[in-house]
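Both complexes below contain chain A, partnered by chain B and then by chain C.
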Partner chain A sequence: MMPPDRPMLDVVDLHTRFRTGDGVVRAVDGVSFSIHRGQTLALVGESGCGKSATALSIMRLIDPPGEIADGQIRLHSVDDNPPVDLRTLSERRLREIRGRRVGMVFQDPMTALNPVLPVGGQIAESIRAHRPVDRRRAWHDTIELLDDVGIAAPDRRARQYPHEWSGGMIQRALIAMAVAGRPDLLIADEPTTALDVTTQAQILELLQRLQREFGMAILFITHDLGIVADMADDVCVMYAGRIVERADVRTLFTQPAHPYTQALLAALAGFDRSPTRAEPIPGGVPHPLHLPDGCRFHPRCVLSRRLAADGRRETAVVPRDRESVIVLRNCIRPVDGRDIGGPSLRPVAAGHDVACWEANDGAAIGIARP
Partner chain B sequence: MPNNTSSAVETGANRTPRRRRETQTYRTWRQFRRHRTGLFGLSIIFTLMLIAVSAPLIAGNQPIACHFDGQWHFPALVDVANKIPFLSFVLNKSKPFRFAGFDAKTAVGDDESAIWPVVRYGPLETTSDGLARPSREHWLGTDEVGRDLLARLVHGAVVSVKVGVVSMGIAAVLGVLLGGAAGYFGGWTDALISRLIEVVMCFPVFFLILSIMVWIEPDINNVMVVIGLTRWTGIARYTRAEFLRLKSQDFVAAAVVSGAGPLRIMLRHLLPNAMSPLWGTIAFGMAQAVLTEAGLSWLGFGVQWPEPSWGNLLRSAFEHRGVAPAMIAGPSVAILLTVLAYNLVGDALRDATDPKRAATP
Partner chain C sequence: MTRYVVKRLLLAVPTLLGITIVTFAVVRLAPGDPAAMQLDGTPGGDSARLHEQLRAYWRLDQPLHRQYAGWLARLVTFDFGHSFVDHRPVWDKIAEKLPWTVGLAVASLGATLALAIPIGVIMAVRAGGWFDRITGVGLYAAFSVPNYVAAGALIAAVAVIPIDWLPISGAISDDYDGLSVGGRIADVVRHALLIGICYSYPALAYQARFVRNNMLETLRQDYVRTARANGLSRCRVIFRHAFRNTWVPLITLLGLTIPSVVSGSVILEVMFNWPGIGRLFYASIAQRDYPTVMALSVVSAVLVLLSTLAADIACARADPRIHDAQ
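Coming up: the complex of A and B.
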């Protein structure tokens, strides 16, 4: 593995929120991470935990009523120019960065191309958007790109319309489009979710090959831990708008420290080839307008529950919404009832950060399957 | 034999069958084609347009072709050509087709070799035979100063076609620009344009046009501009809604992240996708425009007498309804057919571009 040099992208304390009629949804609530050149960072979590909102924030694609409220999105350049903050960049300069320095691949290939324009035309158009080439040259490059991403008979295929292509082919075309400008960073927002498994593997292989060829960093968003193990160098696990665990891929899979990460791994059927049943995580992601006090995961947390059942943790009856519910006082903290928000990331080992007050490391908690 | 078939299957599997390019327009046309009434309407409109363009060849006092003084002349053809800007320029430069004071009727007698239009009267040509009944000479009769009504009807078609196309052209451009800006930019732009649309829609359009026409010169060009300036709201609302819907589609985001600017997004990605529901609206608008023009001309605010238009033909028929009741047939049937045709085409277009129907092959 190449030594991690300067980061390509630094996201620092990113806050993205959506003003709705019922209140403010904090979709991304203080997320920080770095991606290094040539490396892949995976952003993992259940649906609705803020993975895509993070990606869209980096691309500045958050439209009102959403806004990026706070934080920095520092994009470093390959040469020694100072980094730019994508959050405060003007729309005009942002356009120069989109496609040329940061590319993006979307989740659903069937809706990511304009249905009334031929596929090749759309790729050629994106080539011409950031390189001063004429139509013929752009078309020529388009055919080459399509050939490169494994489209058979690219010159004939390029003249066809998106509905004449299969999902896997379109995803290849979209990847071709995203890397046309040779970006330093590629954001892949669940690029294989809408595809069948064999196509998934081909697309992942393609992404890895292109990463080797161009040396670009990839921010890979997925809920599929199998893909994470395959693709990622580093992993950030997100829950309810926050990063709850951050580690390199080996550490995360062998010594998961956060109960949520452990639960995710336990939910992965046959991950270690043991003949056990997959263990679902009880409950669901909390409603973004009614987040639990304290640690946002504690209502679903096995560790929290077990510690309380063992009598090793204090519980308290706290009135909330006209009902009294028993909650774990120690996962809310402090005891005087003032909510200080959840736990923040703290290192448990070198390069391994966890946002949990109780976890020490994976072994200590030992959430094992039955 | 079995060997032959299997190899044929193999080669067949290797190349996809050659078929017609599936563009949006082609798909719409395929749907439209199945609509019999729509095709009927379309054929009426095409016929009408053909009549309008070649009006001097159908009714006029100039021969289509005649041999005179050792030379061939094509006076009526020149009349047609003169309506087409570029062609008239070339013709006038190249050769004097018609010399000054050429009176074909007296110069070319019936014995001379000449091809005449079906109706040998011009739309403004008076005869001594006023308010005549339909006859072999005047198929639809004549008006109070003896002008052939069929000739006037044919030349009146020009106005109807022009009004439909030009006024809806103005309305479409205005509507797409304003509605598109409102849908794409949102915020204040949207609020402002949406309020403007609502204000314009508040007025009953015909009376709005009437009250504008009172203040300006009653002229066909003014009528077209005024209809265009008041009929854009429906198109604008459609465009705004379509842009709003399309703006949040993935392919727009994909275009944005590959570095496309707002103008490219609007023209290349939003507009082509937004057009299909607009065609129906435009066709209905044309029917409305034809009716509005006829109404204005009937009231005397549109095409000015003695220039023919279906509206003022209807007016003069109405004034002489006691003496010559047959006068009313021509213009009323013409208006009815035209409006019906535009509406049928609009209906068929609306069905053809309906995504719920497009799924059927």
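Coming up: the complex of A and C.
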């Protein structure tokens, strides 16, 4: 077994883009992170920030007009074999990785299974895709797997069709399917978003139990920081195709350094106090074809506006989309009027990286935190 | 499943009754003495014997509902009366033509599907590629040429440049009875080739595009992504997951197009002199052979009804959700 500090997966400078009629959408724009063996990395952000595109890129499930334009997706092996780069792997070799070394669970269980085939048959099919076992053996293993993920009467249930199952049950079946090949890494893309709260908790518990049993790493994708606190060891916060903050879960919750993370946490705290959460952060996610210059977060950034109001930075009123917003000029053009395309990740403390020109760490700036 | 089939069969009974009532009404309720009117202009129509025969067949001295009931009772036993033209039992005439039409339709359907499915699937999997584009244009062009036009062109072409092994008329050669079993099959296939092509190509064009468009839809579905994420082979993903989910619309389409196949057979059978019920229908109308026309109407309607029924049952088998919703 490899030492726990050795990574299971390294994503290095990943760029994934989609060609549309109106232009190129850079859904993932230079994302890097590592997941360590047996650990959970949460990828957090509002919808449309590129989380799912990142996950699909790792599985190489990006279809035209989308493409992975650049970067490396290095999957390490448990033994001492050199890592493979999933980005350049052939379809044939990818099939040996998918479902076997990397499993994936998707967001909407109600549409994730083939409606015209029995649930058990689909799991058995996945088993047989990776192990040379006969039908009976695969069926036997299917029943066992379903039993293990908490499906009552798995023998009878396995013969039923997806429409006869509840969303929570299907998600369990999909998890069973994804872990059938005992993967080293499980990618869970918003696995509980479509489920009710009780079921949500059960699914999360199931994932944690399987992780303990199999020692697999999990890439957990969510927009819900509340879940992150329960599930993750490390967290990457994404905004508009980029990672804006990267830290272990404790640091992120106690010393968030990026104004966006701080706003997300403030919204979470607000959610606890009042049941109505109209808008977590003022403003919306920028249009993927019209990303703001400089720091992509600047139209919504409280820190930027405050520094401007304090007169600590040069300011300008820049018209955007019909309405004018006051922005911190330096967050658009930091040096000699040349747009350098926004701040890049830099460490503010050991193991704590932030992509903000103004952040030192949360405490130093003194932004109101939850 | 058995319950579903029984239910559908029971539901077909009123439809069937409706068909017979309409057929009965159209012919029987026409003004005037139906016997005299129908015989008017028929070869030998002035014969008293024919007139009597018709009056007896319709039981014209009885009240209308009794007439209908009697006719229906005879239909059930395949007693459609006798032809005005050659005085043979109508059912015998139909029974000897029916296999030629049904056989051609089934063979054409099989050949069409065997081509349309792979073409449509490849087009969808390589959507936007050269195969998709070229085939797409070709299919569109084929679909826009009516098959009787193509039939006319083919017949004219073969008439100008005869090809000895490619007959353009009839279903069997004169020496058919003297041929071996293999020779007979080859003989029928040769005769069926041109009419079969004309019969099939519009359906082929339509079905291939239909398969393509449905595949484009199912290939985008979440369950296809799940299958891929679980490392299933390309072949399995395409056929067992994506294509399998196009069965229901495809079967529905086939069920809907069967009536037009039956009606479309008339013109092609006449053009190619194919001894099926389409040509019989045409000839019977020309000769005012009313018993045969009526019988063929009922038989065609029943054929259509049976095929749509088969399509519905196949759909329920193909998709458990349809079956459960009933």
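The rule is short, and it goes like this: the second predicted complex is superposed on the first by the 337 of 370 C-alpha atoms of A that agree within 3 Å, B and C clash if a C-alpha of one lies under 4 Å from a C-alpha of the other, contacts with A are read in each partner's own complex, and residues count from 1 in each chain.
The working rule: a residue touches a chain if its C-beta (ideal position, glycine included) is under 8 Å from a C-beta of that chain, and two chains touch if they have at least 3 such contacts.
No experiment lies behind these values; they were computed from the predicted model shown.
Q: With the two structures overlaid on chain A, would chain B and chain C clash, or do they fit side by side?
A: clash
Q: Looking at A:108, would you say it contacts chain B, chain C, both, or neither? Reply first, second, both or neither.
A: both
Q: Classify the contacts of A:116 with the two partner chains as first (chain B alone), second (chain C alone), both, or neither.
A: After superposing on A, A:116 lies in contact with both chain B and chain C.
Q: In the overlay, answer first, second, both or neither for which of chain B and chain C A:161 touches.
A: Both chain B and chain C are touched by A:161.
Q: Tell me which partner A:21 touches in the superposition: chain B (first), chain C (second), both or neither.
A: Touch status of A:21: no partner.
Q: With the two complexes superposed on chain A, say which partner A:132 touches: chain B (first), chain C (second), both, or neither.
A: neither
Q: If the two structures are placed on top of each other, which part of chain C overlaps chain B: 24-32, 60-68 or 294-302?
A: After superposing on chain A, the stretch of chain C hitting chain B is 294-302.
Q: Show me the chain A residues, by the header's touch rule, that chain B contacts in one structure and chain C contacts in the other.
A: Touching chain B and chain C on chain A: residues 59, 61, 64, 95-96, 98-100, 103-104, 106, 108, 111-117, 122, 125-126, 129-130, 161, 163-164, 174, 177-178, 181.
Q: Touching residues of chain B toward chain A in the complex: what are they?
A: Per the stated touch rule, the residues are 21-24, 186-187, 248-251, 253-261, 264, 268-269, 272-273.
Q: So in the complex, the part of chain A that touches chain B is made up of which residues?
A: Residues 59, 61, 63-64, 95-96, 98-100, 102-104, 106-108, 111-117, 122, 125-126, 129-130, 159, 161, 163-164, 174, 177-178, 180-181.
Q: So in the complex, which bits of chain C are touching chain A?
A: These residues of chain C touch chain A: 128, 221-223, 225-234, 236, 240-241, 244-245, 247, 318-321, 324.
Q: Mind listing the chain A positions that touch chain C in their complex?
A: So the residues of chain A touching chain C come out as 59, 61, 64, 91, 94-100, 103-104, 106, 108, 111-117, 122, 125-126, 129-130, 161, 163-164, 174, 177-178, 181.
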